[in-house]
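Only one structure is covered here, and it is reproduced in the block below.
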């Protein structure tokens, strides 16, 4: 790893396409995105939005509004039924399956249901995100330790995830997302199991990462957090963007 | 992010995974081992019996009794032998003189020697015994050969147990088809059981596969631990199979009548057999895991 | 099911022990309960508390304080390392394994991680709680439908749980707890994935059930809820009861 | 909450569970089927060979040549037969007259008839052929019987191929031990593979088991669907095994030389065999699922 910006190694090391240079200030862009589920109606309805590079955005709205669906589409784990999606200058819709892993390495995702390996230790869960990228052991250990201390879980490093409390598990999920030092962080309800104090700390952590250049998108129900941090908030209702 | 350290990490993660899933690894390995042992022992018995059957096949022969008149004159026996060997389908020729025939008869009459009291050695005809090439043992072809010998001027009578050869050829053909069918069936069952076991193992770890894929692991990275595990299971299974075969062979040989021992003997060299069982085990394990993970990843 | 209180069939139909009559107004009672995990230190430290029959109690405290552990011990799914535990007049510590299912049928538990069957429908998940008790189909359908309407999920009854949003799943877990019409409801962070409006509705639902006689214990981080409903709150910190 | 509706619900939930897990049910059923088919076919071959070996055993016999002088006088043959049968270990007695002996010899000499030209039927001795009870075929005991006949005043000579009988008894003993061992091994492997498959199935559904237990299901309620599934797997597996056996038998019989057919014949009645394979399949499936779920529930 060389260069002055080691934290965001370029996508597979390819040079950016010159034609997309101008669009670089936009990180995430959705054009008329629709998502319908067979028999379940429409989860997203004509969603058009833009998130600038280095921006910090909240997504909010009632339960079932489509927040998770929106984040999943940005992550490429769910394909939109219609519309276009451009992440960091690449058209996501047309990416071949074999390129998906390399894109996912640039995005840290905090899943609403954590998606941790319950019979593995906290360290192993966080380290997994670096291992799949081939980071060497020395650097890996340093970075995992740092990420765990961010979320106040250094003392739990060698515990199996299944022995942790709900809030501790959520923080492991957060640590796994930030340890990658990704270009984008997508966090789905990252404070649902945290007490008010830890919730604030978590958003502070995201802000810190954001200050270093990472684009952050947080889906949350917690109006208190949104008010307190006075960031842009996109409000969804029944799959439509009603404000933001 | 060099390629080399990448591979080290991959392998590290794979062996780690094996450690974590020791119980299922062992269980699958045992399944592979048992299946392989049955398969291998079947093959050994098959190969041995096949060899034995070929040997017995060698023992069928045509007997041509020679006219006493044709034996006069020096070199007449050599001429007869030469003429016989020239007939297509004849593998070997043995000459049985009048004295040999008498000795043979006497030996066959053990206990009834009194009967032979008035019989003179000269009373029996000399003969030649002909062995056929295997492909000439079949009914029509063998009959053709017999006809040719009947026309020889020195032949007094031709004996050929047509019925026995036909039976024997039918048995050979049947045995080959049956053993081949059973072999295919056994290989199929082994592959099925192993791939099924591996499939269930993969199924039990689908969360792990999904999460690895979500944090940006490539398909190959995900497959590798399963592959290593499959190979390891195959290896352990192969080892177990070799052990079972060896133990079974020992148990059999120590009790088996000598003349039956050939059935459990390893037909090729011991090293070759071990290597083959190993190789098949590894291929089974590796193929099973690759197939199962690929199928699973595609549905991700 | 006969009698005037069909919703709380007596524990396996046995007559209550006369000696315990006086204690009947207490539903849950812990005496000097300890819980230590091998190598992980103490999750609960000398916890003594009493919850009256028909009471509504919040349990709160920071992440990792021991809230879930406390609820799990009340549910009998975790055994305390020390102390005594009496639920509805029976000493929980000495109950034979074969009696545990009958006790669990009287307690509705909302798990922090939901514990739903993802490949089963919403209806089947909620119905499971009644099926294991042998409730007949007719009554079962009626009760499941009612419970789903309580949590506003009638329209999702025939969807598989894995297709639901986080908040919807949480509500399925709540429906499964209340559908039993249990003697006790233990809810672990039941509003973590719900928007403020649904959170209030959920606590209202618990209050309604509570008004019919059910004892309710809710573990939550949401100080707003506790303040708003002005119920007794037990505060845990590092495994000790610090107030309540 | 009547008992009756309870059972209806239990069974309803069980068949529902089978429907939901159709793929694994089928896969396990196939494993059971293949394993059972191999086991059953092995047993058939074993039983048939065992029967054949007993029959061949019947063919070993002691020949006692009778002194010409002992044959004079009416009823002398009956006396000899009676005395022979009275010896312990003798199963049957057959008398071969001088004429019978000559006819037999002539038949045996087909092609060499000329040799017998000067031989008179009276030259051969009459004899009796004795068959032994199986338990007397062993070396020392058979020798005892032979000794007793040697002492009879009418016996000219006693022939008994000691070596063949010893070999044969050893073979019988070996065959019994080997086949028994192989049978045990096969049953073990079948049980192992089936229980392993069921174990992995249960493992894949541990969430379901845990959640059912948490909402208040009794252990029996949790076990029942797995039990029904196990029985069903056993049933389907048994059906498959019967089909494989039947198809295999058909394929073999249509090609097999007649004199070998007995090897694949079903020794007991077809109905009995089908019932036995079924029963074993069901027992396997049921026991496998009960064992796996019990073990799993205990660790809950």
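Just so it is clear, A, B, C and D label the chains in written order, and each chain counts residues from 1 on its own.
Assume a contact is a pair of C-beta atoms (placed from the backbone, for glycine too) under 8 Å apart; a residue touches a chain by one contact, two chains touch by 3 or more.
All values derive from a computational prediction rather than experimental measurement.
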>> Tell me the fewest steps from subunit A to subunit D, where a step is a jump to a chain it touches.
In response: 2
> Which chain lies the greatest distance away from subunit B when centres are computed from Cα atoms alone?
Replying inline: C
> What whole-Å value do you get for the distance between subunit B and subunit D if each is reduced to the mean of its CA atoms?
Replying inline: 25
> If you average the CA atoms of subunit B and of subunit C, how far apart do the two points sit, in angstrom?
Replying inline: 67
> So how far apart, in whole Å, are subunit A and subunit C when each is placed at the average of its C-alpha atoms?
Replying inline: 33
> When the C-alpha atoms of subunit A and subunit B are each averaged to a single point, how far apart are the two points in Å?
Replying inline: 61
> Among the residues of subunit B, which are close enough to touch at least two other chains?
Replying inline: none
>> Chains as vertices, touching pairs as edges: which of line, ring, star, complete or other describes this one?
In response: ring
> Which pairs of chains touch one another in this structure?
Replying inline: A-B, A-C, B-D, C-D
> In their complex, what parts of subunit A are in touch with subunit C?
Replying inline: 37, 40, 61-64, 67-69, 112-113, 159, 163-168, 171, 188-189, 192-198, 221, 223-224
>> Touching residues of subunit A toward subunit B in the complex: what are they?
In response: 1, 9, 77, 98, 101-105, 109, 111, 115-117, 119-120, 128-129, 131-137, 176, 180
> What part of subunit B is in contact with subunit D in the complex they form?
Replying inline: 24, 27, 30-31, 34-35, 38, 105, 111-112, 114-116, 118-119, 123-124, 157, 159, 167, 170-171, 173-174, 177-178, 181, 185-186, 189, 192-193, 196-197, 199-201, 203-204, 248, 251-252, 255-257, 259-260
> Which residues of subunit D touch subunit C in the complex?
Replying inline: 1-2, 5-6, 9, 13, 20, 207-208, 210-219, 221
